[in-house]
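In what follows, chain A forms one complex with chain B and a second complex with chain C.
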Partner chain A sequence: MSLSVPVAVVLLFMLGSALAAAVIRDVVGSIVAFAGYSFGVAVLWALLRAPDVALTEAAVGAGITTVLFLLTLARTTVTRSDRFEGISLRSGLAVVAIVVTVGATVPALPAVGDPSAPILAGDVSQYYLTNAYDQTGVTNVVTAVLVGYRGFDTLGEVAVVFAAGIAMLLVLRREAFV
Partner chain B sequence: MIELLTTKYTYLVVVALLGIGAYVMIESDNFVKKIIGMNVFQTGIFVFFISSAFHTAGRSPVVQSGGGGGPFVSPLPQVLILTAIVVGVSLTAVALGLVVRIYERYGTINERTLEEVRADE
Partner chain C sequence: MSDRDSPTDATADSGRPDGADESQPDAVDGEGSVSRPADERPPYVESTIIMTTVRVIAPFVLTLGLFVMFHGASSAGGGFQGGVIAATTVVMLGFAFGIEPIASRLRNEHLALLVLSGVGTFLVVGLGGYLVGDNFLQVSEYETLFHHGSKYSIELVEVGIGVVVSGVITSLFFLLGTGIDAADAADPDTDSEEDR
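And then the complex of A and B:
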């Protein structure tokens, strides 16, 4: 697919707000820019036909994560500043290394939205799309795969969230969540 | 070059987001901002997965009752990213908990100040 205008606008918005979150030295400003960035990501998921991911991103990415950042600031200090981050040799080299290495793989990837791309034409995706309704009785294939075919993966995810909760209680030395 | 920009545009954004995220993690000396950088890096990888699942004429992967009705976008990367988003939030929560603990113990969330405070002890 050639680039459509809504997708281009959202991608530019994401890049802009990610850059803003990166260079603003004021932590509160950076968090607000990051919340805007998460919102842009959620809209991008909706445009790329991933409504389940868009809902999760809007609730969890833009909502809970922002609240967690602000709660952390409320319990620590806020460093206000009207300056911007600089760029040092150390971070400059790391960024160049990552961009060159990852960027070198881009020409080898199939075009975005190409129906003959292995991920779309391959057996795995087609198996789920063909058989999900017969085998699970669920019309939403994402849900069918999440709690049906990959149910153990989701169990592992719940275990990670549980472990994170326990780790939070230990780190903050509390007997119960506030 | 133009062909790259019009057909593989989301992958170029992925590269940019990975660069921005790594830059913040290394360059910022504020721990909260480092975690913001980590989240940006993480989201860059999410963009890679979801855009690789995209099908130009595809619909959301909700089949008709009885199956069929395609073409659809691929459901599998979307499932993986749903899991990854929740795991990412757990990671952010634990990291921010550690930041709060560091502040309680050393009274700072600045990397350089923390190094000085620890060197004095």
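And then the complex of A and C:
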């Protein structure tokens, strides 16, 4: 797998900001590091030519989530003494175990851009790529799949967002715990 | 729940604005607490630079959001992304001019109606599939009605999604930014009655 230099740089940046988000004790700093991580993910999606996902990640992950985190933080008081979070042996071992377990599956994945990868060579993807414009009249295949072919799924997603919003309206309006 | 109204808390708040951890009786030592009284929260600071910047940038951000929302069928984007970007406009305005004045213009009921209209648009397009074709959400059958009917119905669905997403994010922003304080200021009786 040939890893281009920009992708490697972005991955390093993501690793650093993820570590910073986990280790920094200052909550605001941690949130900013988390936003940086989301930004790295967005750039990575853009480099891997998935602009739709990149847009979502940049807007939701790096943008709105950070704002909501900061707003929630403004309602709390936290005093801190240490600069960095102490890492116990147990949690460190758990992280190492998870990384090793997940990392062991990486060699099984096809290389990025491999033409024989199932996602490219599979019948379903090829069907969408071949027929999406003729059947839906939409040039963006992602949108064609989202609304044209999988419209019912998307309706479910919208229903989830709608229900979550209404629930938040009802719960936060009568927040007696503040 | 009743911590805000307890007399000890009230005196501690007014007397010692800097001793945040001591004014909270239920706070663990050095760990703070999750309930910070409104008068101790970081206040809104009026900044000419931020206000001017937001005033210049906001129309462009809103335009980008609408473009991503409406142009999702032909380029990267769609309702989810465009809705979030459009809602960012409100977030920027809130940071620049204060959340309370912006939130007081938009009531939660109106936002809920907006979100509902987005879901309704999606459902209407979906149910319309029964009229023009045989199945729910059969958008390709709109092609029989008029040219590019399939594409425009997909666009309409995307706009509905965008309205839902932007409405939910805007109301979340207002709720977290103002919360009970705005409701308290408006009608203090209703909330205290709901507590009991």
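Basically, the second predicted complex is superposed on the first by the 162 of 178 C-alpha atoms of A that agree within 3 Å, B and C clash if a C-alpha of one lies under 4 Å from a C-alpha of the other, contacts with A are read in each partner's own complex, and residues count from 1 in each chain.
Keep in mind that, in the parts below, contacts are C-beta pairs under 8 Å (C-beta built on N, C-alpha and C of every residue); 3 or more make two chains touch, one makes a residue touch a chain.
Everything numeric here is computed off the predicted structure, so don't read it as measured data.
Novice: So, does A:168 touch the first partner chain B, the second partner chain C, both, or neither?
Specialist: both
Novice: By the touch definition at the top of the document, which applies to A:51: first (chain B), second (chain C), both, or neither?
Specialist: Both partners.
Novice: Please work out whether A:39 is in contact with chain B alone, chain C alone, both, or neither, and reply first, second, both or neither.
Specialist: A:39 contacts neither chain B nor chain C.
Novice: Considering only touches as defined above, state whether A:103 meets chain B (first), chain C (second), both or neither.
Specialist: A:103: touches chain B, not chain C.
Novice: Hey, is it chain B or chain C that touches more of chain A?
Specialist: Touching more of chain A: B.
Novice: Taking the superposition on A as described, I'd like to know which of chain B and chain C A:136 touches: first, second, both or neither.
Specialist: Second partner only, chain C.
Novice: Is A:148 contacted by the first partner chain B, the second partner chain C, both or neither?
Specialist: Touch partner of A:148: chain C, not chain B.
Novice: After lining up the shared chain so the two structures overlap, which partner does A:68 touch, if you call chain B first and chain C second: first, second, both or neither?
Specialist: So A:68 meets both chain B and chain C here.
Novice: Determine, under the contact definition given at the top, whether A:159 touches first (chain B), second (chain C), both, or neither.
Specialist: In the superposition, A:159 contacts chain C only.
Novice: For A:91, is the partner it touches chain B (first), chain C (second), both, or none of the two (neither)?
Specialist: First partner only, chain B.
Novice: Hey, what residues of chain A end up touching chain B and chain C alike?
Specialist: Shared contact residues on chain A (touching chain B in one complex, chain C in the other): 51-52, 56, 60, 64, 68, 71-72, 75-77, 79, 139-140, 142, 144, 146, 154, 161, 164, 168, 172.
Novice: What part of chain A is in contact with chain C in the complex they form?
Specialist: 51-52, 54-56, 59-60, 63-64, 67-68, 71-72, 74-81, 135-140, 142-144, 146-148, 151-152, 154-155, 158-159, 161-162, 164-166, 168-169, 172-178
Novice: Touching chain B in the complex: which residues of chain A?
Specialist: Residues 1-3, 7-8, 11, 14-15, 18-19, 21-22, 25, 27, 30-31, 34, 37-38, 41, 44-45, 48-53, 56-57, 60-61, 64-65, 68-69, 71-73, 75-77, 79, 85-88, 90-91, 94-95, 98-99, 102-103, 106-107, 109, 111-115, 117, 119-120, 124-125, 128-134, 139-142, 144-146, 150, 153-154, 157, 160-161, 163-164, 167-168, 171-172.
Novice: Using the touch definition up top, name the residues of chain C that touch chain A in the complex.
Specialist: 1, 4, 20-21, 24, 27, 30-36, 38, 40-42, 68, 72-78, 80-81, 84-85, 87-88, 91, 108, 111-112, 115-116, 118-119, 122-123, 126, 136-137, 139-140, 143, 148, 150-151, 154, 157-158, 160-161, 164-165, 167-169, 171-173, 175-177, 179-180, 183, 191, 194-195
Novice: If you look only at chain B, which of its residues touch chain A in the complex?
Specialist: Touching chain A: residues 4-24, 26-28, 30, 32-33, 35-37, 39-40, 43, 46-47, 50-67, 70-79, 81-83, 85-94, 96-101, 103, 108-110 of chain B.
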